[in-house]
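Consider the two complexes below, in which subunit A is the common component and subunit B and subunit C are the respective partners.
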Partner chain A sequence: MSSETSRMKFMCDSSRCIQCFACSVACAEAHDLPVGISRRKVVTLHEGVEGKEVSVSIACMHCSDPPCAKVCPVDCFYIREDGIVLHDKKKCIGCGYCLYACPFGAPQFPRDGAFGMRGVMDKCTMCAGGPEKTNSAEERRFYGQNRIAEGKVPICAAVCATNALLVGDAEDVSAIYRKRTSSRGKGE
Partner chain B sequence: MKTIIVFIITILMLTSMAYAAESMIWGNMLIGNILSYGTKDSLNMGPLFTILQSQYFRNIFLVIVIGVPAVFLMHYLVLGARFFSHDGKKVYVFSLFNRLIHLLAAISFLVLIPTGLMMIFGVYFGGGPLVMTARHLHGLATALFFLAVIPMFFFWVADMLPTVDDIKWIAIFGGYLSRKQSEVPAGKFNAGQKMWFWIATLGGIVMIATGAAMYFQDFNLGIASAFGLSQIDLLRASAIVHNIMALLITALFITHVYMSLFAVKGAINSMITGYKEEQELKYLHSSFYRKLKAQNKI
Partner chain C sequence: MTNHFGDVVGHSKAILIIGANPAVANPIGMKHFLQAKDRNNTQLIVVDPIYTKTAAKADYYLRIRTGTDVAFIYGLLHLIFKNGWEDKEFIKKRVYGMDKVKEEAAKWTPEVVSDVTGIPTDQIVQTATLLAETKPATVVWALGITQHSTGTSNTRILPIMQLALGNMGKKGGGCNIIRGHDNVQGATDMCCLADSLPGYYGLSEGSWKYFAKSWGVDFDWLQSRFASPEWMNKKGFSLAKWWQGVLQEEQTYSSSPIRALWVQGNGLTSMSQTAKIQEALNKLDLLVIAEPFLNEAAVLTNRKDNLYVLPVATQFETEGSVTATNRSSQWRSKVIDPLYECKTDHDVMFEFAKKFGFYDQYTRAMKMDVKEGELVDVKKDFVWPDDAVSEIARTLKTIGLGGWTPERLRKQQENWYMFDPVTLAGAGPMKGQYYGLPWPSWDKKHPGSPVLYDVDVPVNDGGMGFRNRFGLEHDGVNLLAAPSVTVKGSTIKGGYPEITRENIEEVLGSKLTDAEKQKIGSNWKTDISGIIQEKCRAAGVAPYGNARARTIVWEFPDPVPLHREPIHSSRPDLVSKYPTYPDQKNNFRVDVKFISEQQAREWVKEFPTMLVTMRVVNLSGAGMLERSSKYLSHLTPEMFANIHPDLAFKYGIRDGDMMWLHSPQGTKIKVKAQHNQSVTPDRICLPYNFAGVMQGVDLSPNYPEGTKPYTTGESSNTITNYGFDVITQIPEYNAGLCRIEKA
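Showing the complex of A and B:
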C-alpha cells in the first residue's frame, strides 16, 4: 500500500504492550546511547490497579508538521522524504527549545560538557541515522545504526514480542490496527 | 571564606538531590503531558511557545537591534550631544565599590546580550560549536551578573524610588527632544535611569531564575508545583518570559550605552573616576544639585 507520499509512523498498541522494556533496552544497546539517555521509554499508568493498568512505549513520533523543527534557532532539523524527522548534531547548540515544543518529550540532552553542561540533543532517528554519509563510522557515532538504509525494521519494533509496537507507512500501520480492533473478541 | 565554602557545598548538595530524584519530564508524567498538549483545559503552553518562537521572537529582536540604534543615530545627527564644561568643579558621586560593582555588571551585560543574540540569530552563525560556546559563555556570565546584581540593588535602591520629578521628567522626555540647555527635574537619578535600574535588577533576577530553570532543565525543587505547573510547562514559561524580558533589557541597555557614551559627552567618566561635572549635575539632576547646595556639600 506504500505510495510516493507515504509517511513512516510508529504506533504502540497499548492493549498488547506487556511492559517488558525490550524496545527500550534494544534501542539503547543498538545505538550505544550515552548513560541517562533513552530514546524510547515504556511508561505505565495506574500501576497495580487491576483492569486499569496500561503501558505504552513512547519515542519521537516523527510528526507530520514537527513543532521541534519550527522552533529550532539554528534550523538543525530536516525531514526525509519518507517523513522521518532527523537533526544535524553538528549544527545543534543544545538550547532545549525543541523539547519545549515537542508534545511527546522526545528530545533529550546528555550532560557531557564540562561541569555537566548540556550537550547537543539526542532523539529517536527511527533507526535512520543522520546527515553524515550513510553507514559511515561518523554517522554511527553520532546517531547509532542506520537500519533503514540496510532495509531493516527499526530495532524497537523488530524485538517487540507481542507486536504491540508497529512501524511503517502510516496507512499500513493504521490498517493493521483497524483490523486488530475490529476482529477483537471474534475468536480469530 | 568558610561560609562561602559551606554555601557552595549546600548548593551542590541541593542540586544533586534535585537531580537524583526521578525525572520530572521523562517519567510517568509524560503521558499526562502528551494528552494535555494543546487541549482546551491545558495552559496551552507548548503551542504558545511554538508560535512565539517560530514566528515572533526573532523578528521582534531584529526590529529592536536595528530600530533602537537607528532612532538614536537620528537623535545624534539631528539634535546632537550635550556638552558640559569639564573645567568647572567636580562632585564625588560614586564610591569605588559602586564603580567596581557597576563594572562587573557592565562586563556581564556585554557578554550576556551579544551571546543571547547569537543564540536567537544562531542560524545566521551556522549553529554548531560557535553558537554552543556562546551559550556556555552566556551561562558563565550569569554567574558574574549574579555577583553584581545584589549589591547593586541595595546600594542604589533608595535613590531609585519614584518621585514627583520623574513624572515631570517623563513629560518632557528628559529634555532630550530640544537643543535648549535647561534645568531638568531629576534627583541623583532621572526617571530614565530609574527605569533601567528596575529592569536591570529585578528584571535581571527574573532572567537569572528563568535562565537557571532552562539550564538545570530536569530538577525537582517544588518550584513548578508551587506555580501549579508541570516541569515542562515551567520550562516553556521560562523560555517565554526570558525572551520577552530580554527584549526589554536589550532595548534599555542600548539606550543606557547611548546616553552615557554619546548623548551626554563625558557622562561615562563619573562611573570611572567617581566624579561628575558640577555643570552636568546642575542641568541634568537639578533637584539633587539643589539638595547638595542646601547641605553645603558643593
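Showing the complex of A and C:
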C-alpha cells in the first residue's frame, strides 16, 4: 500500500541496466521528440573496460527539493501533489539556469518545433503532461503524452527489458528493490 | 532450447554463455539471466572474443581467441574427467560413446588449451571447478558458436559437456540456444532450408510420399515438378552459397544455373561474400523482392531491368502462430488490415500459385482432416490461418506438434495471465497446460514439454527420454537407454525403440484390431491415423523411443568433435597441428574450399588482425527496418569498427578517423574507427547491420524515391572471409582476418 506522504520516484538498478536504450528510444517515440533531444538517456562509464563498465538510465529525478525550481528566474516550475516536477513552457524563457543547477543534466533545449517554442526548456514529465488541460491536444503538443492521467506506467519503465528502471510511489519502488537485494540467493 | 528462460530463473545455479551476446541480441532473454543472479546467486560465466555488454554483467569473463571453442570445451572436459567430476551414472545409463570423447579430452591439458584459446590456465581450471561443483548449470549459445567452419563441431561439443556433467534432462540444466529474431524457431521447424521438408523430415522418398499424402496430392505430380526425379532427393543451393549457382566459378552440380531469385523476408545484404552476391544479383535474369521495407538487395545490384519490388504486409497486418526460442507457440492477432497496396506473405504466395497453376494442390490440405483414422476432404473452403495451423499440427509428428491446434493456442492467448512465468504451468481453467505448449506436445490433450529429456516426468505430463534416432545398436553396443532408465509412469521398463507398425505389438504388448492394422502408418512419424500416438499415450510412452544420446556421429567427417583452426587463422603454427577439413565436393550443389584455402598462403602475414563481427542493440539483421527509424538510427549514425587505441595508433588512426579494412578475398570497406577497449589490440570488431555503401561506393542513387533509410554504411560482411561449415554450410562470420589501412 502506498503511503499518502510518499512521492513518485525513478530508480535505475545499475546491476540490471544493459544499455539497450529501450527507455530512451521509447520516450522519444512516445512523445514525438525531435531527434537529439533526450529526455532520458543511458550513460555508460568505463565503456569496454573489463570489470569496470557500468550503465545507468538517467532523466529528471523529480527531486523533492528541486534545484531547477530554486534558480528559475520566472518561477515556471511546479510540483504536483504526487511529487512529479513539471514546468510551464508558456512561462519559461529558455535561459538555461536550470541546466546549471540540475545535478543530472536533465533539462534539454530543442532548437525548433512544438517542443522548441521560443527555445524553451524541455524535460522528462514522468509521462504526466503539463499545466494545460489534461490529455488536450495542446498538452500533447507541448509536453507529449499524459500516461499517468490514463493510469499507465511511464513509457520508459514500461519497456525496460531487464526491469532495471523502476518507477512509481517511492515506497513501492524501494520495496521492489529491497526485495531484490534481500532475497538474493533465496530463490525468489 | 532444451529448457526455457523461466527455468533458468527458477533453477540454474550457474550459466555458461559462450558465443552469445543476449544483452544486445535478446535483451528480454538477458533479463532472465540477471533475475537468476538476483534470486539464486547464479554464477554467470561469459566466454567471448570481445568484452560484450553481456560480459559486463558476468561474474567471470574469459576472452577467447576466435574459432577455438572446441579446444576450450575439451579443456574443461579434460579436468572434469581427470578429477572424476563427470556424472558416471548418467553416462553409463543414457549416453553412447563418451569414452571416445574422454580419449580426445586427455590431450587437452590446461597448458595446451591456454596456448590455443588465449585463455589463461587459471581461468580454465576455475571454470571447470565451478561447473563441477555447481549443479544444475545451463549452457547458452547463439551464432558465435554456429558461424564457423567448425560450427557443427562447436554445437556438438557443448551438449557433450552437459551430458558428461549430467546436466541434460534436468531443471536448470540443458542447452539453451537463443534465437535472435521473432519466430526463427518457427521458421526452422518449418524447415525453410534447402535440405529438408518441414519438421526435419529430410528429402527421402518416404518423406516426400508422406507429404504428398498429407497435402492430398499425387506423389507423381509432385515429382513431375522437378527437372528430373533424382533432384527431388537432392539438397538445393544454400543461402550461404546460392550465388555460386549463378556465377558458377566453383564447380556446381545442378540441372541449370540459377536464373531467377525471389527474396521474401531475408536480409540478403547481411550474408557473407557481399561482393559476390552483388555480382550474382547483377547477372540474374530476374530478381523479385517482397518485403515490408525495401530489401537493400535491390540497392546492392546495379541492374536497371527485371527487378521487381513487391510490398508485403508486416506481422501486425496478419494473424497466426509463431514459435518462440523455447519451442513454445503463441497465437498472434491481426492489429490492422494491410495498409495501402500491401499483401500478406501468404496472399502473395497464393497469387503466385494461382498464376503458375497449382493453387488447388497448394491449398488442398487445409480443406482436409483426419476422420476415423483417414485423411479425407471435409470442406469446400479453408479459413486462414486456422486451417493452416491445423494442417501443421496433424502433419509434423517428428517434433510432436499434434497438440498445437488453433483452438488451444487461441485459448492460451486469451488466458496468458493464468500461467506462471517460472514454471510455465497454467492455473485455473488453464491447469494441465504449459504456456505455449512447448514441443513435443504429442496430441490434443498433451500439456507440452517445458524441459526436454526429463525421465522423472511422465510422457503425458511432458517427460521423455532421448530419441531413438540412430538405430538400435552401433559397433555392437545397444543404443537404447539402460534397463534402469524408466520414464516415470511408463508401462515399459527401461529403454525402448521408436514405435513402428512392425514393432508396436511387441514393444507395447498390445494387440491391434484388423481395422487398426488397415489404417496404421509405417511408423510414428508417418502415421496419419494417429493410432500409434493413441497407443503410446495409453502406455505412457514417447513414440520416438527412449534411447541413449550419442556423442559419436559416425556419418560426419569428425565422428568426435575435433579442434580445427579457422580457414584464415591467426596462428599459422597451429594450422599444421590442427588443419581444417579436406576440400569438399558437392555440398548443397557446390564445391567448397577448406584446406586449399587455409594453406594457400600464410594469411596472417598480410592480414594480421582478427576480424570479429557483432550485432548492435538498436539494429537487427541487415538493419533496414531499424535504420528507417530516426530514433534508432540516431544511436549509431554511421558504420564503425571498435578498435583498441594501441592498435589504432600503430596505423596513425585517431578516434573518429576513417580507415580501410581489407580482406583476404581482395575486398575492402571504409569505416569509422571508434577507439574502444572491449577489443584487444590483436582484433577489431564491427557491426553487420549496415548496407547501402559497397567497397567505398555510395549506392544512394539506387534507392527508389523515399526508401533510403536514415543511415547507410558498409556491410561488415563484404570483408567476411571465405569459409563455410562442413555440414550446414553456414559462413564463417565469426573467425577471420583483415588488414587495416588509414583512409
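In this text, the second predicted complex is superposed on the first by the 178 of 188 C-alpha atoms of A that agree within 3 Å, B and C clash if a C-alpha of one lies under 4 Å from a C-alpha of the other, contacts with A are read in each partner's own complex, and residues count from 1 in each chain.
Basically, a contact is a pair of C-beta atoms (placed from the backbone, for glycine too) under 8 Å apart; a residue touches a chain by one contact, two chains touch by 3 or more.
Not measured: the values here are computed from a predicted model.
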Superposition on subunit A - do subunit B and subunit C clash or fit: fit
Which of subunit B and subunit C A:71 touches, first, second, both or neither: first
Touching partner for A:28 - first (subunit B), second (subunit C), both, neither: second
Which of subunit B and subunit C A:49 touches, first, second, both or neither: second
Subunit B versus subunit C as contact partner of A:109, first or second or both or neither: first
Contacts of A:162 with subunit B and subunit C, given as first, second, both or neither: second
Superposition-derived angle with apex at the Cα centre of subunit A and sides reaching subunit B and subunit C, degrees in steps of 10: 130
Three-chain overlay, closest Cα atoms of subunit B and subunit C, distance in Å: 10
Shared contact residues on subunit A - subunit B and subunit C: none
Subunit C residues within the subunit A interface of the complex: 10, 23-24, 27-28, 30-31, 34-35, 37-41, 51, 53-57, 61, 617-618, 630-632, 634-635, 642, 676-679
Subunit A residues within the subunit C interface of the complex: 15-16, 18-22, 25, 28-29, 35-36, 47-51, 53-55, 161-163, 180-181, 183-188
Residues of subunit B that touch subunit A when the two form their complex: 25-28, 30-31, 33-34, 37-38, 46-47, 49-50, 53-54, 58, 119-123, 125-128, 131-132, 134-136, 139, 214-215, 217, 232, 235-236, 239
Subunit B contact footprint on subunit A (complex, rising order): 38, 41, 43-45, 56, 58, 67, 70-71, 73-76, 90-97, 99-105, 108-109, 113, 117-118, 120
